Every structure is written in structure tokens, then in C-alpha cells.
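Below is one structure. I have some questions about it.
Labels A, B, C and D are assigned to the chains in the order they are written; within every chain, residues are numbered from 1.
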Amino acid sequence: MSMDVRLDVDLGPLRLKNPIVTASGTFGYATEFEDFLDLERLGGVALKGLTLEPRAGNPPPRVAETPAGMLNAIGLENVGCRAFIDQKLPPLRALDTAVIANISGFSVEEYAEMAEMLSAAEGVDAIEINVSCPNIRTGGIAFGSRPEMISEITRAVRAAAPGMPLLVKMSPNVTDIVEMARAAVGGGADALSITNTFLAMAIDAETRRPVLGNLTGGLSGPAIKPLALRMVWQVHRAMPEVPICGMGGIMTGTDAIEFLLAGATAVAVGTASLITPSAAVDVLDGVTDHCRRHGVDNIRTLIGALET
Amino acid sequence: MTPSTRHCTLAPVIANREVAPAIFEMRLRASEIAAAAQPGQFVHLRVKSGLDPLLRRPLSIGAVEGEHICLLFRVIGHGTQLLSRVVPGETLDLLGPLGNPFTLHADRPAVLVAGGMGIADMPLLARRLREAGCPAIHLIFGARTAAELAWTDRVEAEGAQIHTATDDGSAGHHGVCTALLPPLLREIDARPAICACGPEPMFRAILSAVTDPAIPIQLAFEQRMGCGIGACMACAVETSKGYLRACCEGPVLDGALLR
Amino acid sequence: MSMDVRLDVDLGPLRLKNPIVTASGTFGYATEFEDFLDLERLGGVALKGLTLEPRAGNPPPRVAETPAGMLNAIGLENVGCRAFIDQKLPPLRALDTAVIANISGFSVEEYAEMAEMLSAAEGVDAIEINVSCPNIRTGGIAFGSRPEMISEITRAVRAAAPGMPLLVKMSPNVTDIVEMARAAVGGGADALSITNTFLAMAIDAETRRPVLGNLTGGLSGPAIKPLALRMVWQVHRAMPEVPICGMGGIMTGTDAIEFLLAGATAVAVGTASLITPSAAVDVLDGVTDHCRRHGVDNIRTLIGALET
Amino acid sequence: MTPSTRHCTLAPVIANREVAPAIFEMRLRASEIAAAAQPGQFVHLRVKSGLDPLLRRPLSIGAVEGEHICLLFRVIGHGTQLLSRVVPGETLDLLGPLGNPFTLHADRPAVLVAGGMGIADMPLLARRLREAGCPAIHLIFGARTAAELAWTDRVEAEGAQIHTATDDGSAGHHGVCTALLPPLLREIDARPAICACGPEPMFRAILSAVTDPAIPIQLAFEQRMGCGIGACMACAVETSKGYLRACCEGPVLDGALLR
């Protein structure tokens, strides 16, 4: 009765059965959500950002609520790349969904080393390079704000994991997102994840202190959707051939459609999963409904279909 | 916590009334959560269905009555303010029961220590202790003033002996409630088990008052949360084992980890 | 009975009777609001952004609502600098509130020419240089994203209007706000307005079109408050001696206090005035209440008083 | 518009009911606005006091009855959806009356043309025309279907003759309502004045059907708004005189400016 909609998309070499993935850091190691949704319905799952060594993360409080958004300064608390491969990856291997490992490093060598480990491990379908975590005080500028650093990391990871689909997750805290996107593509990225969180701050007027233990944190959620949409659109217009995984404040199927129209090939659901654990499949259902209502029989026809 | 007992459900509000100044008791019908709830666990609830507020709010499952659960909350900010205006007939999106519950040491006397809204954990805990045959239940309860000693009756109804303290001396001991702990411990013949919920200074006072390692101390923590299900690492509590997540390793943590 | 709070502040050479001003473009030419508030209660009024020639502005729709925010792409519709001086300024002269003229140019010469005209006209108490309007398709990069352009404009305006208090209104669409702030101060700015709107986009999934006639627009309102707070704090930390007029999503007295704590000397109320015409005085009342509740007898003690 | 008649007021909702599918009539007590309102003017209202939605929504002042004003609105998006759930006893923050009203040419027959929700302007307009001694009032009203022909009775009660059209032919003329205009104009002996509110294609149809420059045409525009008081330049309508602001030069504009 209801129309069949073809949903599979190609995020570069990575075929997804549908364009909905989860956003790194908001979906744990995926199994936390098994009670609330069928993981196999998702196009893919991007897992908690990994570092070479396990990390304890930032002092609490680590989250703050802001108008239609939230700040986080988790500080990349994670089990470390080795424990991820040994403990977190095995339960995901049997699942029919793409597993995307998200990596953060404090040197180019660390990125490369993790990429090598992860591509040797069975069950990782793609690597997403996080060049933009603004929460870690590295004593320096974020990698993601310098085009030459972005291409260097991407090249190193490309070389360390030759056959592996490679996404670079862009930092939005830059003057010119297109310049950064070109750097990632120049370094060998197959696709771009746009965008990570925006550096921000919350202050408690009563106590006169920053709300977050880390002072600043990353803004995510609906508040940033118009900013993220603009960035996806700018990059898609400049490089229409480069596949984009769009994200930033996606709560509903309609939000996801907006990102597809702006030029995203796939979309990630982040903060929404913290609020409603089944959010990613709810978004998928919403996308499918939208297609049916509009007689769209292949989701690919929506990608970049914005009429300007 | 057995994962398969967690539910995401739309629960009708049965009642919502101010039982003490700016403290509300809300009753909801949530049969699956009621059936699975253990003391110390919480529900993570959406105050409204829109974007304001965005995140869920964690509240202890204070009492269970058949298909109903009862929450006790203080209005402290935007979310609880809106929650105080919810009227019967509305439904709330609940996720729960979540978190690591109190372990029942029912073979010993129980000393429950509640500071302020920490009382919210106590009726269900006292009931389960009584059902498990706990020989004696004491509640030490401290609040700012007599009017805020809400839910004492609910705990008393489970057969507990009540020892109160208020900051302003308007009821019970004049001062912090932890001052009542040492004399009570001397009075109790067997080694009791201590279960506490309240602010961190209260926890520190308990830990320094009770040094006997054979007295188990369980502390229920409050921490700002994201997901409530162990995925986002927002709710870190610093312990001697490193950061633990208040939403799944907690909210109830072994006091020994906090020494 | 209620405590007296000293509220006057110095935005560089510009003494304000209290720290609340209105944000350019959201308060028209001020007289539009006379029915709803007493203009003389305000520290100052920043008026609609001026250009040398009158401008018709962008095709509608010019505004869109987003989660806890709004986009605007007015396109600097204004009467032009000359008509401003002849028609809009006279009714403001008698008012006991600081009049801040906000100027936008399409070349350095235009900025300088307007500055000269405005400083010759009686009744302008300060000039605010808008280097960041992202809505106008100048065929090029926004002035505000290049430090050398920022100092050049500032120097030119400084030279054209020697005695005039000078604010530079920063664009937030940059990698490093501190670098841009330094450029403005280096060029001779007395104070900085932080921040203008964030370049953003809204898409209508039903029609597959951008909501705004101009395609993109500037995001303002509560959604951006955590971003603006972070920028004010960063700049204040780097240059504590430079006075800042903070803005971005201020709706209440508490919001204003947060900006003061982060390091702002004054604050501007923007989008809030579109929602509640009396918003700026409501914010002032909220600030005064906060001071009374906290026993603050001089507002200056709050500036930069964040405990980190 | 005389600026000093504008008010920002908290108005109690007296009634809010669905009078046609997804079309609601809301009655509020707002005595100052009711006293000052002229036909074609609007109120700019806050749907909720929080941040969602953020901006006000403009709605025509449809009718005035003593201290009450009546609004008629269609649920089309987030704001009107929330508005449809407002219940008596709640209060709404209203700003108004705003905008340039219809000029009453009461010496001639009046032809009111309403497309869809454009009907919302008509009861007050018809009343004021009748009070001013207008010799004849005709309402041409087009809607998608018979069920959406709301408020026809209110205009009829002012002595207007009603001419309806529906897209689906379920009532009146089957097709666009502007098709009824030429025959009506031929029927009316004197030169009438035309007042229209509806979608822009309807305006274009009127302008091309009525070319006699001696027939005044007034058109009430809808445009996305910010402030509603002429300050933000959000509400630009393109005219032969350049952009005009729908909130103060409009919503009612001289049709000649749109040729």
C-alpha cells in the first residue's frame, strides 16, 4: 500500500542501507541503546570518540543546557583504542549496520597508529577523523582550524589505513569551512562529516562561575541547525562531488530532509539520541514518511536538490 | 540494573500537588516502571515535548503504589518550575527505571540519612527493607526548616523511627542532621547499614563519622545528566576508581569509593 | 528602602548612565519604541545600520524563525547617512541617552566619509563600525574576517572622526576572535561590540527552497548566547583593558549579568526588542534587581568578575 | 495608525474553539485594543511566554465585541498549532492594534474579497462600513471547500450579500472566487470600492479584472514579521514605490502600488 522508497546511499566507498547514522559521542558504543531501538535499522553507527590511550575525561559538570541546545565538555572519556577493539567491537561485528570508528589524537602519529589498529581489526567499516574536539586543552590551536594540519592528518590516516573508507569530521569554529573541506579532500578524505560542535560557554550568574568544569564546551542541538545547514550547503556548492554526512540539531525527519536538500548524502543524529534513545530510527521513519508524502521513490534524488 | 527492565513510556499524570513550600509530589501511572523499580533508581523525564527544556530531568522514584509511581521534587530552576505546573490529564515522557539501586542489607538495622530532597529516595527504600525483614529502620532527615520535612509520614508508615534536624531549629535537632548519626549508632546494638541521599557535604560528614569498615555505606549521587543510560559520559562522579557514571554505575555508589 | 546601585559605566571615552544599550538594526531609529519605553532610561541606543547611500534591502522573506533564534537578511535597508542626519537624528538630540550610529560600507572610503559626516552632525555620541554584515553580497569576503581589513577600516574611521568614541562591531564568523579584536584595537578602536550575527541558513523541506529571499542570513537570539559569551570571555581574557559591549541572545537581566561577568562593560539588547518592545528597560530592571539581591552597590564590580 | 493607540497587554483568553477543520476562533478580553481597533489592523501575539516559539505571530483583529476581540486562525505551523491548544483562563501577550487600516469609502458600495483566511478581516470591516452608512456591502469569499467557509455568518449579520466559491465545488461557484468579481461589478450600478485580503494570486486576479482607476482597490498583505512596529524592516512588500513595511505602511496597501 505505502510506496517503496529506495534509501541506500553511498558515502564515498561506504554503502549505507539508509542515510541515517548516529553521531559520535552521543551513542556510546551502540549497545547501550539496544533496549530502545533495533540497531540494524540504522545506516550506520559512529561510536564514542577514541584516543590511543584510555582517557578519564574532564572534571564535572560536563554538560549544561542552553536555549534549544546543550554544551558538553566530556573531554573524550573513552576506553582507549585497544580496549575498544577487544571489548566494544566484538558485539557489533554480527550486526548488519556500518560501524564507524571516530578517532582523536594529540599528534599526527597517534591518528596514524589508531587508524592502523582499527583497519587491522575486523568489523570497522569506516574511520571518522575528529580534527575538531574543542574541549581538550592541548596547549595549542585545534588541528581543525588549520588547513595544512587537516591535510597532514588525513594523509597520514589514509596511508595507515589504505583500503578504509575515510571521513573527516570538520570543526565549525573556522572562518572558511570550504577551505578546510578542500584541505581534507586534498589529504584523501572520501567524505566529510559536517559539523562538530561550536565552542561556547555557559555562566551561572548566581555563583559567578562557568557552569562547566572545563569552562568552555561544545554547543550542539537544535540551536546550531541553521549554522550547520549553512556549512553543508556552502561545502556542497563548492564541491558537489564530495559526499557529506550532515549533522547539527537533527531531531526529526524533516530536519534530516533539510540537510539532504542542502547537499548531505547521509545525516547523523546526535543530541537527539540523548533525549530520546530511539531518536535515530524515529528520524529514519520521518524521512521515509516525507518521501512517501512527496512521491520520492529514491532518496538520492533529494541530495542537493535545494532550489535556489 | 537489568537493562531489559528499562522502558520509555508516556505516563499520564494522576496528581501533582505542592506538599511543602516549592516542593511538589507528582503521581503518574507507569505500570512497567512501577513493576520494575528498585529503591535508589530514577526516572529520566521530559518536562515538555518541545525544545524548551531540551534535556530530560532525572528524579528519584520515591514511592510505588500499584501501577503508580510517586515523585517528590523541589522547584529549583526552569525545568522543575514547568513541572510544577503540569496538571492531571497531561502525560509525561518517562525513561526508567534507571541506575544502580541500593543493595538491601536486610539482616541488619538500617540507617537512612536524607538531606533535603534526598528524602525522595526513602519511602521506597524503607518499604523494600521492611518487606525483606529488616530488623529496624531509622531515618535521619535534615531540612532547612520544619515545613520542608516532607514525606516523613511515608517513611514512618513503613515502620521507621524518625530523627529530624532543621537548619533553623524549627523542628528536631537544631543543626545538621549528620550530628544525629553518632549517638544513633551508639544506641543501635548491631552494626547497621547506612543508605544516604543528599548533598555532598553530608556525604563527607557521614564518611568521617563512620569509620568502621564493617558498616556498609551507600551514597546516592546527583549529577547533571545527558542520556541517563550510560552512553554520553556526562554524569561523571569522581571516585577512587576514577570517574564513574551516576546514571548507571550510580546513582548509588559504595561509600568506600568516596573515602 | 531598596539599595541604591551605581550603574554608570565607561565604554572607553563614552560614559553611559547604565550598561544597557540597544543593538543596531533591532531598534529602528529609536523613536519607533517611544510608545513602549522611556528612551531616557537606556544607557544608549545603537540605531539601524547606515550606508552612505539609501538602500532598498534584500528581497523578502527577510526573517525566519529557528530553534530559540531567528535569521535575518534585511540587507541593510536604511535611509542613507544624509537622510539619517537630516531626519532621524533631530528628534534624538534632546534625549538624555547616548546615540550610537552604526555604519556599514562597501569600501574603506565609504566608512571614512560616513564617519566624517556623522561626527560633523550634532547629536551622535559614538560611531559603531559594522565590519561584519554577512547579508550583503559584496562579491567578496566580509571585511570582518580579515585582520588587516579590520585595522584599515578602523584607522580610516579614526582619522575621519578624531574625537569621536569608536566601537568596532566584530563578526563572529571567524576562527580566532581575539586576533580580530586585536586588529580593531590596533586600528584605534575605543571599544568592541561582540558580537554580530552568525551566518546561517533555513530550508523549507516542503517547498525545497531556502526560507530567506537572500538564501542565507544572520542568526541571532538566545540560541547564540553561549557562543557570544565565549567570545566576550576570550577577548576580555586576552585584553582585559579593552571595554566590550557584549550582545547575543540577551533576553533577561540574568543574561546581561552573565555577559558582564564574562568581561563586558555594557550589553546590547537585540532580538529581544523585536519580541517585547520594552525589552531593553526590562533587562535594565532585571540587572538592577540582581545587584540588589546580591548586595552589589556598583555595577562595575561585576565586570569580568567570573571566577574560573 | 496613531502610535499612541498601541498597547502591549496581557489578554485573558475567553474562548478558543474549532469553528471549521483546523480553523479556530479565539476570543480574548483586551479592552484597550478593542476600543482602538480599526478594520485591517492586527495584533502581534506571543503564543507562549518561553522561547518556543520565539517570535510573535501576527493575526488580524477579526471582530470586536465590547471589551473582547475575536481572532480567526488556521493551524499551519508550530505557532498556530500551539495556539489552537490554548484554553480559557490562560493569558496571551498581545501587541496592538498595529498597522495601517482599510480606508472606509462609505459613500459607495463595498466589495469585500476574501481568499481563505482573508475572511478574518471582514466582520470588523463590514461592521464599520455599515456603521458609516455604506449603501451596499458584498462579500466574495473563496475557500478550498464548503466546510472552510467560516465566519460568513458574521459578515452576513452586518447586512452583507454573500457570494461564495470553493475550489472543490462543494459550495457556491466551483473555482476561484475572483471569477465572481466581473459579473458582480457589472451588476452594481455605482463604482464600488474594493477591499481584499487573501493570497497574492488573488490580488493579481483582482488587479487584472478591475482596471478602472476610479475604483479604489485596497489589498491587505501578509508578510513574515519581526517587530510589527516598523523598526526591523523584516516585513518588506515590493511595490512600485519600492519596499514598504507590511506592519506599518501596510498591511493594507493601495492596489495601485501593486500594478
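In this text, a residue touches a chain if its C-beta (ideal position, glycine included) is under 8 Å from a C-beta of that chain, and two chains touch if they have at least 3 such contacts.
All figures in this text were calculated on a predicted structure; none of them were measured in a lab.
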{"item": "Furthest chain, CA centroid comparison against subunit B", "value": "D"}
{"item": "Gap in Å, rounded to a whole number, between the CA centres of subunit D and subunit A", "value": "47"}
{"item": "Intercentroid distance (Cα basis), subunit C paired with subunit A, Å", "value": "34"}
{"item": "Interchain centroid distance [CA atoms averaged], subunit B/subunit D, Å", "value": "56"}
{"item": "Multi-chain contact sites of subunit D, meaning residues that touch two or more partners", "value": "51-52"}
{"item": "Residues of subunit C engaged with two or more neighbouring chains", "value": "67-69, 221-222"}
{"item": "Topology of the chain contact graph, where touching chains are joined (line, ring, star, complete, other)", "value": "complete"}
{"item": "Contact footprint of subunit C on subunit D as seen in their complex", "value": "3-4, 6, 8, 46, 51-56, 93, 95, 223-227, 229-238, 242-243"}
{"item": "Footprint of subunit C on subunit A - complex, ascending", "value": "66-69, 71, 145, 173-176, 198-203, 205, 207-210, 215-216, 219, 221-227, 229-230, 233, 249, 254, 257-258, 261-262, 290, 305-308"}
{"item": "Subunit C residues touching subunit D - in the complex, by the definition given at the top", "value": "25-28, 32-36, 48, 56-57, 59-65, 67-70, 72, 74, 77-78, 221-222, 251, 271, 273-278"}
{"item": "Sites on subunit B touched by subunit C in the complex", "value": "51-52"}
{"item": "Subunit B-touching residues of subunit C, taken from the complex the two chains share", "value": "67-68"}
